[in-house]
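Data block below; observations after.
Chain lettering (A, B and C) follows the sequence in which the chains are written, and residue indices restart at 1 in each chain.
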Amino acid sequence: MNGFNIHRAYAIARKEVMHVLRDPFTLALALGLPVLLVTFFGYAMDFEVTDIKLAVSDGDNGPAARRLMDIFSSSGYFRLAATGPDTEPVSMLDSGRVSAALYIKPDFSKKVKGGDQVEAQFVLDGSDNSKAAAVMGYLPGIRRAAQTRLTGTAARDLLSIETRFLFNPELNSRWFTVPGLAAIIIGLLAILLTALTVAREWENGSMELLLSTPVRPLEIIAGKLVPYGILVLAGVFFVYLVSRLVFGVPFAGSHLLYLAACLLFITAALSQGLLISVLTRQQQVAMQLGMITGLLPSMLLSGFIFPVESMPAFFQYLTMLLPPRWFMAAARGIALKGAGLGELAVPFLALGSLSAGMLALALKKFKTDLE
Amino acid sequence: MDLFSVKTSGLKKIFDRTTALDGVSFDFSAGLLHGLIGSDGAGKTTTLRLLAGLLKPSAGEISYYSGGKPAAFGELRPSLAYMPQQASLYPDLSVDEHLEFFRELYGLNAGSYARRSEELLQITRLGKFRERRAGLLSGGMYKKLGLMCALLRSPSILLLDEPTNGVDPISRREFWELLYGLAAEKTLIIVSTAYMDEAERCARVHLLDSGRLLASGEPRAVLKEAGAPSFEELFISKGVRL
Amino acid sequence: MNAASATRPALEVKGLSIKFGDFTAVDDVSFSVNRGEIFGFLGANGAGKTTTIRMLCGLLAPTSGSALVGGLGFEDGGLGIKKIVGYMSQKFTLYNDLTVGENLDFSAGLRKLEPAYAKKRREELFELIGFDRPLSVMASALPGGIKQELALASAMLHDPEILFLDEPTSGVAPASRARFWKLIRRIAGLGKTVIVTTHYMAEAEQCGRIALMRTGRIIALGSPDELKASAFPGPMAEIDFNGAAPAGTITALKEARGLLELSPHGMRWHAAFADPASRDAALSALPRSASVGSIKPSLEDVFIRLVEGAER
């Protein structure tokens, strides 16, 4: 019997399910990881910077000064720390009690009333790079508000550029990261789980016995990959539910297309895990390789946190070979932009060919003899 | 039913820098219980793996025969069963689950499977332990389970790699009784062992030492020809000097 | 076995047991070993041999019972014991990626031996085991038997009184095995006490006394001859029918008066009788084509008899 026998593949799949159900580690990983990731990225990590403590040295005490302070605090980003004439903001900055300081000179209100040019000094703790950048981003808006509310006139600049963020107007970072979580789950979980399964059989000797029976390599592969594919898909579905229902992330595009992208990426990831398993034949090494090639690309090189466009040229080209990068582009496009197959032709094509290539390679490397 | 036999000619197997088998010519005649005797590193496992098609020879040939006429390995494969030396079962699956799994792998139909598995459970006396997980079986029981999985599809060629290694004497005796039963059905059985005294239990012995065939034939004839009182002595006198 | 000599036994074990959760690995084991004895633990894998040895080496703490190894107990966590015993483990002998010299230096370092002393011991041991290769040889390049001998030397660097060898000749070629046992006898001759575990029944014949172990218990204790005599008080015959046994012969034989045990052994049958008279009677009833020989029971026969006798 040399052809593909569905019964044998099914026997392998059924056995695999039994192994998964009886192995506490695998179960914990498969069920716990999505939950952990969603909690972490949904609640704990917030890329926005809010609640910036601001110390004010108000030398003026006049109405304009108070109005300026009010603009800062009502913006929602700043929180005024205790202020008073004795407040020494710079030392509070140094000690880390505040992240920013505002100095208002004594003649502030008088100058405003008189229509003269006026300035206030804003001092920022620049030791945290990303935080500083975010805070700097808020300043133009504050300045414009100050302009309008303090002087009662529109901005004097003839040209003002308003930045509006499309598709994620409030730059809600959760909207941004949660679709990307699917990438991490698939990227890490799929690779890790399959990397362990074949290596485990080599290590405990059962692969030798399997190979001595009529079973074909393709049947072993299909039987092993399908249960894990389903498990990973369940994880992705879980993340989807949580992001829609708990975090209220909108989903603009076609669910079917999203599913297609997921399946393609899952195939690529499973094949990658299988490849590792087949080549290393040792669980420990498979685990380490799985973590490295699964986690790093999907977290750091896929565009999940750091945009691909801002990477050095070398890495931009490198990421073209990484399925997570294409999946990320497709997933975000579908979820946030409602993009269709037309716009996402390139990512889908790339994802499809990488998946097929990976699967073919895994199959080829799965040698039926013991060497 | 046609009887199968296997011959090898100048069989060589080299791993990296080690020569596991150095040009061996075996003759495993049909319908008999053959013993492959030798200590660790003699080449027993390598021989069995080559015969089972799990390794490719570095040089030399393996020829299979059915009813005396040459046959292709592909033809024989469905009738060949192999039991590896190291633990090769799944500790978290029960005895029954193992049998079910191999049934599906072999594509046996429900009727013949039911009969065969009952028969096997009876002769191995594992009937009471159907639900027990393989990881919790004693050494002897574990090996018997391995044998059952191999015998499930009533093979005509049975390759067993040190099946009684480290097993207690009673289980060992029971295991051999099982093998005698199979030999009576004219199955070609090739058993490897490091226990010298098991040589006498075989119809034909093939003595391996450091990848070379020292002697082969009917046990008593081999001893007589070498003028050795026991197989242990034979190895000591003829084996490779260190 | 009443060794009421002035010198105390090398090993005194009373009611030693160890449990791992629900599982009793060693169950109420008691025995003593005299100086200079070669004592063997015989049993299948999982019978409890290695676990017992590990306790006596101070590697595992028993759940109950006591043991005096070289007169020392476990009060100090086995530290005193570790200084006077040498242990050769089943799974690991020498580091394959180190040379002979490096391996021995490492062992000496572990024992905090003075370099001069270590060198002296090394030379003495090389002579004892007949090792004549250079120190720079890689351990992986040594043949199996030589490697085992070297591992033994390594375990003896600190000149221990008592040696525990766990399956020392597992898988080794017969010629090497014979050599190794010659070495063990030489060592015992020097006054060292050697305790060996094995699952090869034939090998246990070389021990002075053996303890048969099964599922954590000792089911018999004594010299090989003593054990055989007590299990088989009468003679044992080997019957070769030279072809197929005529129908009914085996059944008749099984019914013979005074037959203790009848078992197939390869092409022949082994029959144990209670006394010479029963044997003669049974054998005379055999067909003339059968050839009969007188044999001694093997330890395997003893083992089976004891276990099945207990179960009956």
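By definition in this document, contacts are C-beta pairs under 8 Å (C-beta built on N, C-alpha and C of every residue); 3 or more make two chains touch, one makes a residue touch a chain.
Quantities reported herein were computed from a predicted structural model and do not represent experimental measurements.
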Label of the chain whose CA centroid is most distant from the centroid of chain C: A
Centre-most chain, if every chain is reduced to its averaged C-alpha atoms: B
Computed distance of Cα centres, chain B from chain A, in Å: 55
Inter-centroid spacing, chain C versus chain B (mean Cα positions, whole Å): 28
Interchain centroid distance [CA atoms averaged], chain A/chain C, Å: 62
Touching two or more other chains - residue numbers and ranges from chain A: none
Residues on chain B engaged by chain A in the complex (per definition of touch): 15, 49, 52-56, 74, 77-78, 80-84, 86-93, 97, 101-102, 104-107, 146, 149
For the chain A and chain B complex, residues of the former touching the latter: 1-2, 5, 7-8, 10-12, 14-15, 18-19, 22-23, 204-206, 208-215, 368-371
Residue ranges of chain C in contact with chain B within the complex: 43-47, 143-146, 170-176, 178, 199-202, 214, 263-268, 298, 300, 303-304, 307-308
Contact footprint of chain C on chain B as seen in their complex: 39-42, 138-140, 166-173, 177, 180, 194-197, 200-203, 209-210, 219, 232, 235-236, 239-242
